[in-house]
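Next, two complexes with subunit A in common: one pairs it with subunit B, the other with subunit C.
Right, the complex of A and B next:
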């Protein structure tokens, strides 16, 4: 019986896909990255049908780190509900999908959050015609809420804490939320403030909508991988960190070539001129150079996708570097 | 060698051998699935067990007409809310589909060309378009209704908007319980009268106006009592306050969309079953009953329908089962049924997919088996009894 069990265990092991994700990705020849079903600024197909956004850049950065080629990535759309099973079953190698880092997801669901690529918080958006100026005035309102999210739980907590009532209208995707809000089926849409900006930007007349000042939660959004594959976790973690460090060191996609002859030791280490950090990660030594060259540093990605010059108009705020009043911080590259 | 083959040529041995083999393979397969799953769950550090049912849900469910639900309630309560909502849409859907299906099935056989063609078009359309699309279609229509502030007012007391249909809520005051008791008593006595009248007719051939006397008992007696007691019933009218209507009864568009789509879709199948049932009764029956001078309505009620029911009930049962199972599509429009609430939100918030799905599947199985059980009893009671 024991022997039989161990045979099963071996067969079961063969079926589980989470051993050596990096090797799996290399053998397959492209990265499978789980993203949203479409959230402008974070991950949504642009006019030419290419996926674009902060999260899409995160996926591409990892693809560049592994293959040196930003096109070697397949984007797989996931809903708030399907994202975790999709990752757990090995259907995607990583998620970069506006996912909030929480203890239960990190510990109980068996995932590993490798960092934060956007510090967010939950907000409320209402039609400006409603004349509401604070979320505490929302007593009795119908609220559109994506199910299976942390925002759903925060919403219940917020209304309970303030002793006011609401009616929840459960929805599955951001598009459904938009549709119901614009049709007036719900008075309020609540999700991460960045998601609200994105939804507002997509409205036919953005001025008709206001985002209320209250931010009712911490929503650190970041990429995640399956727990237990530390090598792969390191690759994704340092792909993100490389972009942040590049901003800190002032390396951009434009000046990266000139920077290879810099005299700053950390720049040389990051760009693979000195040291063998690429080898440690089982990547080529110029992996970070390629990320910066092909994707850009964090600031470039931010400004192009969600920054003040985009329709989303989100100021850097918390997402500025720690040296510039924000809390964006990456460990030293050494 | 010969003796070995001899075993196999023994029919009894062979059948036992193959049956054991099949059962053994099945058990082995099941064992494999279970061990693989638990191994992988453990390996991925995914929590297992049933203790999550006692944890607070943390989210709110607004559509819960039978139970008060707060975010501090447990996942177990989410489950009960889901079961009740599933039953609500299934039961109302089955009743509506049966009534509509019977009417349409009979109309389809009508000699009026236009009527029967219209039903034909209805049947072909609604049973050949996927149910999911029909649900979404109804919902899309419903949310295009006027916004809550511009609600349509019907008969001064009903309000229709894309938030649902608001109507006054009856409030039963003291004394109304006597009226309810009177209704129950009237129902029981009309049932007894019906039995007595049948017996008397069997014996003496004399008829008794059962229908009109029952109507009198059930409606008029409680109504008189109601006025004698000084109308112990008032209504709470919905009022537009702040964002929404407050008070009154509300039927949500999510429910209406599900109810309409499920009953209209299933009614198409039921009407075909009814048509087949009626046509299965041989033409001679109708001609013979006309020959002995029975009225048209009597022929239908006493001769055709009882014989048609024997053909109708078994496939009708499977339509009820289908409707109940199809109600799980409520997730498409955010109807808080079992799959959406417990099998969706709870599953996602706790991450315990296997447990949640097992519970949901077991529940649907129980509901379906219960429906089958009662429909089988009914089926037996209407079968032809040889004397």
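Right, the complex of A and C next:
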């Protein structure tokens, strides 16, 4: 399947790489952005049918950068299987679909990951009544695990390394894992930590469940575009970076207007008061100003969608700025 | 002699409610045991389900009288001991369940299409309808009207299919699939039985290929690989691609169902038709197909119901049908954990449609007396 996919990716690449995506998007008048069919905190339709979430904000940020209007985006829903062909065939301009950045996807499938908008990792959730405080105490546990995923392999590696045994209860979907765990048919549920948080939030009594501190895999999730169109890749990359840099510089959607008269040179460069960085990207000079004004900085998007004040209650952790104990880091804006 | 004329009443135990109960529910001891067991189960189950779905349920307000806007406000989450289903999620999301993301200002077009669909189906379902002929004309042009109404054009603003969703997608897929598959299926069935080897081989190949792969594979083929084969610039709509896949799939099954009906027609019918000098098409149209389709009604409805439910598979190619909207709702942090309510509602809607189809087929079978056809009686 992967081989086949890469062949088609190459064919599609040959067809679609000649025209600039940025020009296509500008001519079309709106951005086509691939998102999930629904993942709590990342992309899901709200009550009025608007897509909301961390990934949805990523799409909107790019739309704002190009058009200065957060509504100029069409969300195309994709599943785990259909996402790559959809991008390869040019049906979407970019994917922001909690996709893990791996070498084979980046190189072999012919895509380009432009950054990371969420550092995730595989974790464990257990009932608090089990009295377990670390995953290394899980010897002999029954583990609910989605079959055919990388989580399955990570789990086997982790238990082997620690010299403990487990019994796998194979499941197909997140819902199934949830039901099995809540019904006590397995002691542990393992999947990405963000998925565990949403599972926990869906429980009738969230306090009865704990997410263990161990994170056993690297799952950097980020937006991606097709290989070969570097100009478009730059637009998406710097739309994400602009949000991160805005947080570093303390610019929020509320104070962005006041910040245009700041005396910090990098703030002025970011907001387009000085320099012609917008022009370099073939965007308007206030593109980053508009992103911050209409979407907010990274922190605002994080807090609104997945942060501690939302039902998901995901602490910043790795996703905090590098200055605050995390690994979120954007190249300088100059 | 007078006593002879006196009409004797039947024994009490064989008439009225008591008689019915005796014959149907308490005929012998095993029968009685089963009856008692079933009654006990219903006694346990029905009050509970009624309580959960209706009496203790929240519809729009929780027990404090507040309007529910997220799952934390549901009575059962405020007080786990109390409260049943939290239907507020359906209430709040009703628009999405029925129309998907169709723009609100244009939604009258969908409503009009729904009403027109009912009128288009009427002459097909009810033969004694007055002025049926004129209604039928409407049925023929309905697909064209519906296309422009829903999709746009002819002065209507265009609404891309990406914005369609919920019941709208389910009905579009189900109705189009069933309606198109029927004529195609008939042609394939006739083709497969044809004496011309090329036609028969092509039809057999088509049917066997399509039947040999799961619907998911066809959906993937339509969604993922088709655009790669099309020349650049030709942009086939995602929903259309799925429709093509669904129609192909259903046609293959329909063809086999109708072929089954064709095989049940005795050779004498063919010979009689031919001896009257009828052409191949006249013979099939007037003699063979009416009989073959009549005896195929139960399996035709069976595959149609199957297809209607299979439309939920389109979620894997990223189209949000009724079930997809339900799942999307579950992914909204405001409504996490209300899976029972949402799946219950979705199954109820599907049940209404499939049960309707099944009852209609029973009515049709009764009317056409299919059971006693072909000398089976």
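Here is the rule we use: the second predicted complex is superposed on the first by the 235 of 334 C-alpha atoms of A that agree within 3 Å, B and C clash if a C-alpha of one lies under 4 Å from a C-alpha of the other, contacts with A are read in each partner's own complex, and residues count from 1 in each chain.
Rule of thumb we're sticking to: contacts are C-beta pairs under 8 Å (C-beta built on N, C-alpha and C of every residue); 3 or more make two chains touch, one makes a residue touch a chain.
Here the structure is a predicted model, which is why all the values come from computation and not from measurement.
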For A:201 in the superposed arrangement: first (subunit B), second (subunit C), both or neither?
second
After superposition on the shared chain, which partner residues are touched by A:85: those of subunit B (first), subunit C (second), both, or neither?
both
Would you sort A:169 into first (subunit B), second (subunit C), both or neither based on which partner it touches?
first
Please work out whether A:258 is in contact with subunit B alone, subunit C alone, both, or neither, and reply first, second, both or neither.
neither
Taking the stated contact definition, name every residue in subunit A that is touched by subunit B in one complex and by subunit C in the other, in rising order.
8, 11-12, 15-16, 81, 85, 88
With touch defined as at the start, can you tell me which subunit C residues reach subunit A in the complex?
69, 71-72, 76-77, 80, 92-93, 95-96, 100-101, 160, 162, 220, 223-225, 227-228, 232, 238, 315-320, 324-325, 327-334, 336-337, 339
In the complex, the residues of subunit A that touch subunit C are 8, 11-12, 15-16, 36-41, 43-47, 49, 52, 74-79, 81-82, 85-86, 88-89, 91, 175, 198, 201-205, 305, 310-312
Contact footprint of subunit A on subunit B as seen in their complex:
31-32, 35-36, 39-40, 43-47, 58-62, 70-72, 143-144, 147-148, 162-163, 241-244, 246, 253, 331, 334, 336, 340, 344-345, 347-349, 351, 353
Which residues of subunit A touch subunit B in the complex?
5, 8-9, 11-13, 15-16, 18, 80-81, 84-85, 88, 104-105, 107-110, 130, 138-142, 147-148, 152-153, 155-157, 159-160, 166-172, 176, 179-180, 183-185, 187, 226-228
